[in-house]
Amino acid sequence: MTVKARIFVTYKESVFDPQGQAITDAVQSLGHPEVEKINVGKFFDVQLDPATKSVAQTVSEISEQLLVNFNLETYRYELLEEQQ
Amino acid sequence: MTVKARIFVTYKESVFDPQGQAITDAVQSLGHPEVEKINVGKFFDVQLDPATKSVAQTVSEISEQLLVNFNLETYRYELLEEQQ
Amino acid sequence: MKIAIIVFPGSNCDVDLFEALHSVCGATAQYVSYQEKSLAGFDAVMIPGGFSYGDYLRCGAIARFSNIMPEVVRFAAAGKPVLGICNGFQILTEAGLLPGALKRNNGLKFICKTTALTVENNETPFTNQYQAKEKIYLPIAHADGSYYAQKDVLAQLEAKHQVVFRYADENPNGSLNDIAGIINETGNVLGMMPHPERAVEALLGNVDGLRVFTALLAGNGYQKEAIR
Amino acid sequence: MTVELEMSPQEIKEKKPYLEWGLSEKEYDYIAQKLLGRLPNYTETGLFAVMWSEHCSYKKSKAVLREFPNKNARVLQGPGEGAGIIDIGDGQGIVFKAESHNHPSAVEPYAGAATGVGGIIRDIFSMGARPIALLDSLHFGEIKDSRTKYLINEVVAGIGGYGNCMGIPTVGGEMTFDECYADNPLVNAMCVGIIEQSEMQKGQAKGVGNAVMYVGAKTGRDGIHGATFASTDFSDEKETQRSAVQVGDPFMEKLLLEACLLLTSKHQDWLVGIQDMGAAGLVSSSCEMASKAGSGMTLDLDNVPQREDGMSAYEIMLSESQERMLLCVRAGFEKQVQELFHNFGLDAVVIGRVTEEKNYLLRHRGEIVTDIPVTSLTDDVLEESSREKKPARMLAQSRKPAWHPGKLVVAATLRKMLQQPTIASKKSFTETYDSQVRTNTVVGPGSDAAVIRIRQTNKAIAITTDGNGRLVYLDPFVGGKIAVLEAATNLVASGATPLAITDCLNFGDPNDPEVYWELHQAVKGMAAACRQLDTPVISGNVSLYNESNGTAIYPTPMVGMVGLLTDVHQYLTPTVKQVGSQLFLVGETGNDFAGTEIQKMLTGQLSGSLNDFSLTTTVQRLAKLLQANQAGLLESAHDLSEGGLAVALVEMTLHSQLGLSLAVPFAGEQLFSETPGRFVVSVAPQKVAAFKQLLGTDAVLLGEVTAKRELALKYQDGTAVLDLEEAKKLWEEAIPCLMKSKD
């Protein structure tokens, strides 16, 4: 069986995100005063077989080992629906 | 009022994503045979005021103008719950 | 002194480092593949700049899982000198040998230019041939060189004089406290974004980086502090 | 992905899908009747269409390209291989080539520019050479709308993104701005490599039974029909129908580079031939390798590493996925080659064999999908003769009186001119290129030419790219001469002896007789200059159909020239060095205002005819200057190009703290004349006598270097003073300011 988990990685609140800032500025200058702020993050869609290890465990292991730099970033994850 | 929309941007299926490949390889070689594949995407959390323009309209406008490169990428969006 | 230059897939300043050590300083340097499992026989380790693993995910994130890295960690723990330049610095932070992280430049672009630096700590094995607070010029060439660490970590770095190089006239990338290079607490692991190996020959217009290497090669007795 | 149902040969004949792929009815009939004696199937028709496209076959430009000189005693490899090679002594060669990626960059600027760089790098290491430098030649619309700014930012980022990651320094180039390039920007890249002559490779597949091996990235549906796409002009309608964009992976290419160089330098006994998969991917690389060696070849397409499911033979053969190479490996060494590549984490797979029969045989899913003579794809192309006609605009121009700027307020004009994007500092772009990696860059971006030291020797090479569409537009023949001459003057001003050139011929639709005439005349002019300079054309590239919605760009041949310094320490830069040095103008100044920066700035358009000039006299002047430099008489040198003497003088002071006090023997406006083949040099006081004696009347003393940070000018009808710190600021800030401004 295969399930899909989506891991969201974002900068911690206290970390300045120059890209988010640049995109917010650009969007506003393109004529979107209705946009107040844009934050940028990345996500990882992990396709995995939960037979031997729980999804939660795989996700926390790979996030801690590789996907997330805890100096800067935090993460959350969710399971994706099959039809996705 | 302020609402939050999350725009997900991913490569189109046929586009080669070297980064996803490299991360998949790395995770597997770290001892995660249960992981079959990792795809990478980015997301934008857009904080906006829907008083003058609908969320759907703002999202489609800024995606087309700036956030998404339609040669390579596609997007979807969802509204985020308030407490998020 | 025999120096190991670690080569990862995607390293590209390895040759420059080798030439600086070998052709310019006359030192014994040897390339060591990321696949190796031993650093036996080496007296110093240098991790060159470049784009290990294409800088995919985060700069240096994937490289730190190579075979050689546990050995580099052991080498550092033994108090022997380790120098990481540019991508090498990023790898050292990802590996936890140095605190903090290197983020995308505030201007979001790759920058290649000469920057002014102040030597903040001239009591390290790499900088003891510079004057205290000496102003020098070294090239940078990176897209992700903005140093970040949490407040308490920064305070500690400052308190313990672990900031070795600071950008002087202008901060090119948004580094906190204008940090361009830091050393670990024990004083044997240096990470720096500027490229001293690009500034060792008058023909190329700059020799301000030379003393990083000559200091290490001369080994002016500063290691004793490093070995607790 | 849906598998398209392929048309039968009969359906192809009736429905003529090949017309859309760029094959004409005449060509189709010739293939069916004369070459095959039967109707080609779907895959075969696709192969012919792509191989017979202008991009692969040069069927329209071949006749013209024959006019280029391409041999002399130094040429080790002329046009025909991945790149040309020139002898620099000590058993070493310099390998170089330039390539255009205009159309892909217009569609997807980051990936287009990046894969352009990736492609030209593969051309260099496919010869067995280590790439040591990259240059670019970029032409965009005026920096005013957000689309142009986006194109500029993305193209520059794509070039830097690829080269920086590869660890190949981008050391120079050129960048101009003109409305004609707004929808069709020109993105040309040049790569230079160094080779041990004993390690030179060829793209050939010979020796019956030898293996054809595929190495590098997997094949996807990227850029299918990219090559034929490049051969038909854009219209907005087509822009929406384009096929998958090719994305580059410089990390993969870095691994491929190191693996291939290990193979070519250490294991020559395993290797018969090597070629990169560029335009038209697997088909063009494989059939060219076979045809060059007079061999036949069979390929088993099921063995081709694939990234996507259900790819047809047509798609596999035509895919332009990046970072792939094709090898011909001596039978029995396949395992060793495989292992070598595996050590770099790369795929290496036997996909076919060299055969005795001279046919090109492809198998896919148990069927023979192609069986045609190898040479039918490469050698039997119907060369097309084209009609030529002198453009009507030229005839009209020649009847008008020449444009003259009239009396000018020199200082104000100069200040304004320093802010013209074509003249202003490009530092905000070149700073995003790693120009120093490999630590051989003696002179990087911002001088007349880049100077790269050759390690383990006392030598250096100098490299430049130049092109000036405006001049070629006004007079293709004289403009073509000037394009080559300007490259040569840039090298001489850097202290180097010009050796050879590569080129990219960026033109419009060759079916337009006026465009074809421009192409032909420009090549004639370039060839004449190359002959006089003894700088053969050892490689190059043609990019036609540079039009959008029916309007062509200026005809813009780009010249990439390489020169040699036998002693690296003799390199020169424009920057003046010390107070008291004497400044000389070398070469006569005329009223050359047609197509100049001053004309464009003051009138907003180009008009007039170019004055022809003597190549013999000019080339003699270059030789004398080289002689003066070799005798150690020059302190700095700068050739005059856009903006004429006025701009050149300012440029010589920009990176110093010094000033100039000069008197020029002509009228104020002539400070902006762009008479080709001129230089300004500075000479230390104690060398002046020797310099004067060598140069004779060719050099005119203008004045001297001062400690005051100003340019003080006397001219026949007035005086001018320019604050150089202010001038520098204007020059530096012009482009960043334009790039930031809101539309």
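Letters A, B, C and D name the chains as they come in the text, with residue numbers starting at 1 for each one.
The working rule: a residue touches a chain if its C-beta (ideal position, glycine included) is under 8 Å from a C-beta of that chain, and two chains touch if they have at least 3 such contacts.
Small disclaimer: the values here were computed from a predicted structure and weren't measured.
Asker: Hey, which pair has more contacts between C-betas, B-D or B-C?
Answerer: B-D
Asker: Just how far, in Å, is the C-alpha centre of chain C from the one of chain B?
Answerer: Roughly 35 Å, centre to centre.
Asker: So what's the Cα centroid distance for chain A and chain D, whole Å?
Answerer: Inter-chain centre distance comes to 41 Å.
Asker: For chain A versus chain B, what separation do you get between their C-alpha means, in angstrom?
Answerer: Measuring from centre to centre gives 9 Å for this pair.
Asker: By the touch rule stated above, which residues of chain C touch at least two different other chains?
Answerer: In chain C, the residues touching two or more other chains are 53-54, 56-57, 62, 65.
Asker: Among all residues of chain A, which ones touch two or more of the remaining chains?
Answerer: Correct list: 65-67.
Asker: Counting only residues that touch at least 2 other chains, which ones in chain D make the list?
Answerer: 249, 251-252
Asker: According to the definition of touch, which chains form touching pairs?
Answerer: Pairs flagged as touching, ordered by label: A-B, A-C, B-C, B-D, C-D.
Asker: Spell out the residues on chain D that touch chain B in their complex, using ranges where they run on.
Answerer: It comes out as residues 1, 107-108, 111, 217, 220-222, 242, 244-245, 247, 249, 251-252, 307-308, 321.
Asker: Enumerate the contact residues on chain C facing chain B in the complex.
Answerer: Residues of chain C touching chain B: 53-54, 56-57, 62, 65.
Asker: Considering only the defined contacts, which chain B positions touch chain D in the complex?
Answerer: These residues of chain B touch chain D: 12, 14-18, 22, 69, 71-72.
Asker: Chain A touches which residues of chain B in the complex?
Answerer: Of all residues in chain B, those touching chain A are 2, 8, 23, 26-27, 30, 32, 34-53, 58, 61-62, 65-67.
Asker: For a test of understanding, state which residues of chain B touch chain C in their complex under the given definition.
Answerer: Chain B residues touching chain C: 18-19, 22-23, 26, 29-30.
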